[in-house]
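Here it is, the structure, as structure tokens.
We just call them A, B, C and D in the order they show up, numbering each chain from 1.
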Amino acid sequence: MRMTKDELQAFLAREFPQMAPMSMRIEHFEGDSLRLSIGVNDSHLRPGGTVSGPTLMTLADCAAYLLLLGQIGPVALAVTTNLNINFLRKPEPTGLVGEARMLKRGKTLAVMDVLIHSEGQDAGPVAHATVTYAIPPARKTT
Amino acid sequence: MRMTKDELQAFLAREFPQMAPMSMRIEHFEGDSLRLSIGVNDSHLRPGGTVSGPTLMTLADCAAYLLLLGQIGPVALAVTTNLNINFLRKPEPTGLVGEARMLKRGKTLAVMDVLIHSEGQDAGPVAHATVTYAIPPARKTT
Amino acid sequence: MRMTKDELQAFLAREFPQMAPMSMRIEHFEGDSLRLSIGVNDSHLRPGGTVSGPTLMTLADCAAYLLLLGQIGPVALAVTTNLNINFLRKPEPTGLVGEARMLKRGKTLAVMDVLIHSEGQDAGPVAHATVTYAIPPARKTT
Amino acid sequence: MRMTKDELQAFLAREFPQMAPMSMRIEHFEGDSLRLSIGVNDSHLRPGGTVSGPTLMTLADCAAYLLLLGQIGPVALAVTTNLNINFLRKPEPTGLVGEARMLKRGKTLAVMDVLIHSEGQDAGPVAHATVTYAIPPARKTT
């Protein structure tokens, strides 16, 4: 682990101000897993009072990104190369929590999966994603 | 085809006002393919002057959705069940065009793929997605 | 649970005799998870002494299938609609174990993921797959 | 293009003798696309007279592999990192043809898609796959 939970949270606020409306909060980060929550506001809702697919995809992508950066440090220009998501249940119009898990971190690729739940619901996960990041070759961390 | 290009464009404006900032325009719709363009503004850009992954995923999801609705009509509560996207090249900070193609439209599932290019670029596609929609059983179109 | 571990094993031998060379064994089945092992013989090996990709995909597909049938009963003509697999590490030329987990079982679709390890190895998973099965509408179990 | 169609066919026979039962034939290879056909024999059939999922996955994987090798030469130890397949229609118990297309060939990753049809059928594709190969860094071709 190259970064703490608080360092990741500060990095997120500084480098991705456009994410501020999602109220992302890193709830937990340790070893090979990271938990990221988002608040849901009107702009993420779809007709019928559910959360939009792009909101779920953004949560999955960010949870994976933060888990990887937490492990390799903040300067890496890691980019998503593949994201596969299954939408499982209609999310409630509440906050969401994504649990990212590192499946493999190699020199050039990292593969993670993310299980997403509606906050305070027992109905089972609303989505499951697998996310692959490419790690740039010369990642001289400062 | 149950809807024309113009009917789809009107449906999009009426039902998804939250998409307005993306300036989505249906460029073409005929038979098994639909072309959707988006303008890109500052909120979609990432550091380094590229378009964010969630913007590309939203474009893929919407192009597939509109192609399906164009074929089955506007009332269906179709929902995305799976989206798989490969990010191929760094997009230029310009508009994007997605070409959706129907691979299979069954009674309960429709599978499409979407090839995304940066507008006015010859460098090859920036992303390729496959998108599955579930079609609700009782889709009595009006 | 509509079938026991032993009933699933007998079903596999009876209905899929062509799988016999893989020496599939259901190691565990309870609730939402099932563990399936395969022996690996020469026909599954690739140059370099590793297990072929199709062997891993077959293991993932079968583990998911058996988990689903265990829950809904043996007569269902369930068919795979999507399989997404990430190959994580080079498998050792030994047996393999796949852990299937039910993520969502709906009326028409079931989504599972499967984590595959080389037997007796601590190096981390060799592959991770998500598998979607379509459940036919009239699945009158006997 | 580093290899011709005939060189690829000879490479396949020499390096992958275990594929011989599938009767793979490279029908066409030019630029960014390659067409691979397989004969289907009893061992690929499933109850109900259709072709097994693993057979379709093997065809997709091999068509992508041969397209990549045709472009970068025969010595590369390229390995599949991701395969995503949608099963679209029940294949007829006949031969199959896969059309692989290069979407992006970078220094470390190549992404292709493969559209699979039953031979001599007009009913539309039976499967669509996207396949990612990792290209090893020191691929000194002889």
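In this text, a residue touches a chain if its C-beta (ideal position, glycine included) is under 8 Å from a C-beta of that chain, and two chains touch if they have at least 3 such contacts.
Just so it is clear, the structure is predicted and the values come from calculations on it, not from any experiment.
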Of B-C and A-C, pair with higher C-beta contact tally: A-C
Per Cα centroids, the chain farthest from chain D: A
Distance from chain C to chain A - Cα centre to Cα centre, in angstrom: 28
Inter-chain centre distance, chain A versus chain B - centres from mean C-alpha coordinates, in Å: 23
Interchain centroid distance [CA atoms averaged], chain B/chain C, Å: 33
Multi-chain contact sites of chain D, meaning residues that touch two or more partners: 81-82, 84, 86, 132
Residues of chain B defined as touching chain C within the complex: 81-82, 84, 108-109, 132, 134
Chain C-facing residues of chain A, complex: 84, 86, 88-89, 103-104, 111, 113, 115, 124-125, 128, 130, 132
Complex contact set, residues of chain C against chain D: 15, 18, 43, 47-48, 53-54, 57-58, 61, 77, 79-87, 90
